[in-house]
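In what comes next, subunit A is part of two complexes: it sits with subunit B in the first one and with subunit C in the second one.
Up next is the complex of A and B:
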């Protein structure tokens, strides 16, 4: 029987020509592609949880040899039903560190560098260094943050055309129970996370008066204990959803209240589910979604096959149903659209720049008391941070933005309908 | 520490370990998983990934069947192979590494090929609850299907082939009580309230209520009362037709009280009135008996209860009687109401009313089910618990019956039967489904190619183009024999098929294996709705298509 080399299965689609209608733009079959994946292509995986473990394994077994992973969590017993790189003895250890070493042990020649910490603590340059960033996250906020960071790398010419070399592809997955999604974001080309924010419905919040006056369900009793009783009884201490004593307190108080109102069904499991906002998760859905994402990483890196265009929804509860849909970019997206173009000298101060922006026609005469940020750096803010950031107004752009080149700023003003994106060409 | 506390501790640890999935399928579903014995055929990446997901979930045992040895190539596409096992049994290696995922699952392996086992020891499959059959060609799929129909094991087939995949289930019948649909219709009975509910509603004197209570009258009560008021002015009829229905909603809104000091002003927005308008449709189109359930009522399995009938069908027969003889057309009340704007006391009063009516309906169905069993020779009425009946009544609007055709029936049906081939024709002609319907036919052609050529198409670098021609001619003759059209990118797809040379790309295998596991879990927990028909996975487009009119 023909065995081939270790990467034979992937190499078949990389070294052999494909049908042009079904491969990516500019695909050139080559036996150099496997070596490219092994040693040159740099991939960052964000999150080493349910999706992250799967993604790391998937990418390693597609031949990617340079992977880094970042995660701020430590391993918990409740992870073990799906986060297959972890064992009971690893409980309490950093997820990124354990996951990286398990992959390296099993997949020879694959380097996985772990980062145990928050994504916000890494500078933008860290993220710029990867060819593709893959997201295995469970929070909308973290997705929005990394999306803004990736979009801040975008550069456009004066006509608003994207400089393709500045596009940082993101591949994003998410699951809940038997459902999930996988998507590919090419900032500036396909819709970014902010273009399709409506995909994430707001969480159900109960009116406080229901909690305080007319509780009807066990969840009302739990939210009352969590949101109303705790701050009243513990002015100094914030409720910590990971603190066993706090959870126990919440369980007792909610049980007491339920009893008082004749409501049944408060259990510790429900208390945890409500206050920690636990998303149910199973191994199989994570495996499916992560693998669909990893396949897209391979396609984006090599163009070996037409890419997913651009969002796949997965529903496994009633049969298996998927829907792959081409979402459209929001041309006015505050995060990924080019917005206003200005060429300025690096000696111009932030204060003067703000004046120039306020008279720009696209500012609609509505920029009077703006807040200005660069990626995730706050340059000048209204409100409580105004005093602290005021000295920046007299600093030069060269100092504030770290030299010359193209820089993307976000300008907010209460009077603006949305964030205004300003693309600066900072010249000496 | 005594044995009892050790047992309690172990059960607590399991609750923690499986917490995130118990929130989906409950302790009952978890218990069913933990008693399941699962057999895996084929320890390649598709099979390994499928079983990995089940071992993590906590099945009772796994048995890995594979007759091949670990090669360098396996190390590159399968996480459950390690270097120390090069040249040794793949089944053994997979079994050993799976064990790391969950110490409470017991594993074993058989180092023989699935094909040898099927040929020589078909009774090997007795005693498994489920068989995951990966990478089998059509001929052995037929064979396994026949063996397992006899032994009673259910089978999930998974096949990864380059950038494509197939998944399907084989079982004679699978019934689901807890189908857990995303959207459920509420059985509120506002159109035809039973006497206690009608009386409860009529006891409200809306005029006399203080403002605070007025804004907290549950919408169920509002709808029943306002429907009565409406009937008085409309010859005893509920709103009929869109215009009247719109008028009724306006009538509901008009009942909100005005804000003090604002006689002409804005209505005092009551959430309960908003909810009443939103749910007013239950007055003119209550859920009734869904057509699917009516079909089950007429099913021979429901009409002829024997000692071999499952409790599912006994309950179905009893519910059928309930609808015909007792309720005048309504299914038993599920006994849960959604949260709605109300004071605590009003809500709990209402909840108790619905709960006690549900208990009463369940009592009737339970009694009838026992009567049915009592008059059935050889049946044991004492084996039917009231809890099961309660669960059945609670979910009876959404219960499911699935009967899967055998692999042979499916394939002969498609390419032989006129009605199936016109179905396939419509798939091939519709833009959304054409490519994946073609992929389905093309993968069958690949198996036929192997029968005649002794290898899968595209196996050798220098023979790819020749094999493209071979596959194309098999597909076109199959299509023309069945009178089916081809698709515009047919040649491109055949090219892609041959390019992959039947390789098992890890991530395609992980998707297919993941779907196999998902179906296995649904079959084992008897919850949610398993896949009927064959699922085609297309990793080029990242799409799927379910093929089958079942």
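Up next is the complex of A and C:
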């Protein structure tokens, strides 16, 4: 009799041959999978808010024993209705810290290491150390940042084939009211966040003149106070969306303006929602999306069943509807595509390199007047910086790129739909 | 099925040497910087518009656009706009403010330098580029729009008495009071 305790069911699926009714084709049960899940498989959860609380609970209950969580926020009273790991006495404490200790108290055998801070402040090596990164975020910028970081680990061989051992899987969840999505990003294999950027249309912004002259809604009044009145009255100080005094000021100004125009409905809560750009969160949507994500993490880690390919949308507004779409990678994606490979000597000049790029089969006919950047160093630019960067054309790659080794360049040309990645192997 | 993890592999895989080299030395460009490199390299400015990079050619997220209209109400003026590109560009639009002269007498620019240009707010869309915004600014001086006012007084004059508006603009270009507001000369 197997004494698996809390995780008995999921352990049976992973350990026992012949559980194939539950697992996918090609899955081989193994006695090594359970210890892998329990201690070796390192999972990072980004965000310890509504989705994050659900994700941490689900992953811990699935038997992941080695979890870390990062979040820069502290707990607010308004979080308590759905962020169920937090209590009244935790208000003001870092979400990551409280969430981690709550999970550890409840799920014996599960270690959760908290990180209180911004994701951008951790070095890339921090993220490289995890097997799977799970995103419970509400910001497009943060998603784009972590996507770039995960894709930067990806390596290809000279034919452009993905080196599977460099694939850093991301499982991304997101909710907006009754809508949500869960997706699996295997950089280089399934579309990355940048490949499908159009899935996130920019937030509609009100015209400034409407705010200034013809406000019609309480939101217009709040935006006016935030965007127009604040910079006028406080030239030196940036508006801080987390500063209670600033929010109070904004509330007073917006209320006054609303009165002036006969508009009702400016509340402090609305002010907070508007200036912090908060989308109303529905606890059950978070639970559904987090559950879908956690299942995908289990499948990605153990391959016990085929993973989601690759984007599930959930619509809970009218009835319940979900649909999984197989989005395609953007072959020219500047973030995850392999681009072209060249081996050059360090004595070659930038001008000569440009000629070599323009006759490469993948660039032929599309690269006539290219601009070349190495990271944030703009080596040669068409347009207004042409004159300033022209002297670099006669310099050698050894000088410009800082010696030999593998270098990643970004090439732009009016004829290219997107930036072309060029991986150079610079040899002595 | 793709098997990503070897269960036996307890140690992190030794990374290859060349991967190390790639990471060293140069700062990796973010998606917004990559996009800016593309935008700037494809920017083709007419002679009435100049661009300046105060922090040098490798810092593209802050620059100034100087518009010197050669026709229309604002002919002979010189207007400088500070562009601050958010990290979320092109998902979010550039932040653009008129820096000099400030204030400027214009129906669509308020006394703090905020600009009412549709593509900077409600009509922004990530396929638009710096070029689209620059041409939008140029158009604002050729064809000020009294229907979307940020400076209500200027808009009123433009609608009711275009000749007076023209005269006000002319005077403002070399510095003058209009009502209680002093408009400094173009530099």
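Points worth noting:
As a convention for this text, the second predicted complex is superposed on the first by the 325 of 428 C-alpha atoms of A that agree within 3 Å, B and C clash if a C-alpha of one lies under 4 Å from a C-alpha of the other, contacts with A are read in each partner's own complex, and residues count from 1 in each chain.
The rule we apply is simple: contacts are C-beta pairs under 8 Å (C-beta built on N, C-alpha and C of every residue); 3 or more make two chains touch, one makes a residue touch a chain.
For clarity, every value in this text was computed on a predicted model and none was experimentally measured.
In the superposition on chain A, A:402 makes contact with subunit C only, not with subunit B. In the superposition on chain A, A:306 makes contact with both subunit B and subunit C.
Within the superposed three-chain model, A:342 lies out of touch with both subunit B and subunit C [touch as defined at top].
Using the contact criterion defined above for the overlaid structures, shared-chain residue A:124 touches subunit C, although it does not reach subunit B. Look at A:26: by the touch rule set out above, it reaches subunit C but stays clear of subunit B. When the two structures are aligned on the shared chain, A:200 is found in touch with subunit C, with no touch to subunit B. After overlaying the two complexes on the shared chain, residue contacts for A:317 are found with subunit B alone; subunit C is out of touch. According to the touch criterion, the shared surface of subunit A, contacted by subunit B in one complex and subunit C in the other, consists of residues 306.
Taken in their complex, subunit A has these residues touching subunit C: 24-27, 30, 32-33, 36, 40-41, 124, 128-129, 131, 140-141, 144-145, 148, 152, 155, 164-165, 167, 169, 186, 189, 194, 197-198, 200, 202, 204-209, 212-213, 227-228, 231-232, 300-301, 303, 306, 334-335, 371, 373-378, 381-385, 388-389, 401-402, 404-408, 410, 412, 414, 418-419, 425. For subunit A in complex with subunit B, the touching residues are 2-10, 12-13, 15-22, 54, 57-58, 61-63, 77-78, 80-82, 84, 87-88, 106-108, 177-178, 182, 210, 214-217, 220, 261-263, 269, 272-273, 278-285, 287-288, 290-292, 294-296, 298, 305-306, 308, 312, 316-322, 324. The residues of subunit C lying in touch with subunit A in their complex are 1-5, 7-8, 10, 12-13, 16, 18-19, 21-31, 33-35, 37-38, 40-45, 51, 53, 57-60, 87-88, 91-93, 108, 110-112, 114-116, 118, 121-122, 124-126, 148-150, 152.
Listing the residues of subunit B that touch subunit A in their complex gives 13, 15-24, 45, 49, 52-53, 56-58, 71-73, 75-79, 82-83, 100-103, 162-163, 167, 179-182, 216, 339-344, 347-348, 458-461, 464, 489, 491-493, 495-496, 499-501, 503-508, 510-511, 513-515, 517-519, 521, 528-533, 535, 539-544, 546.
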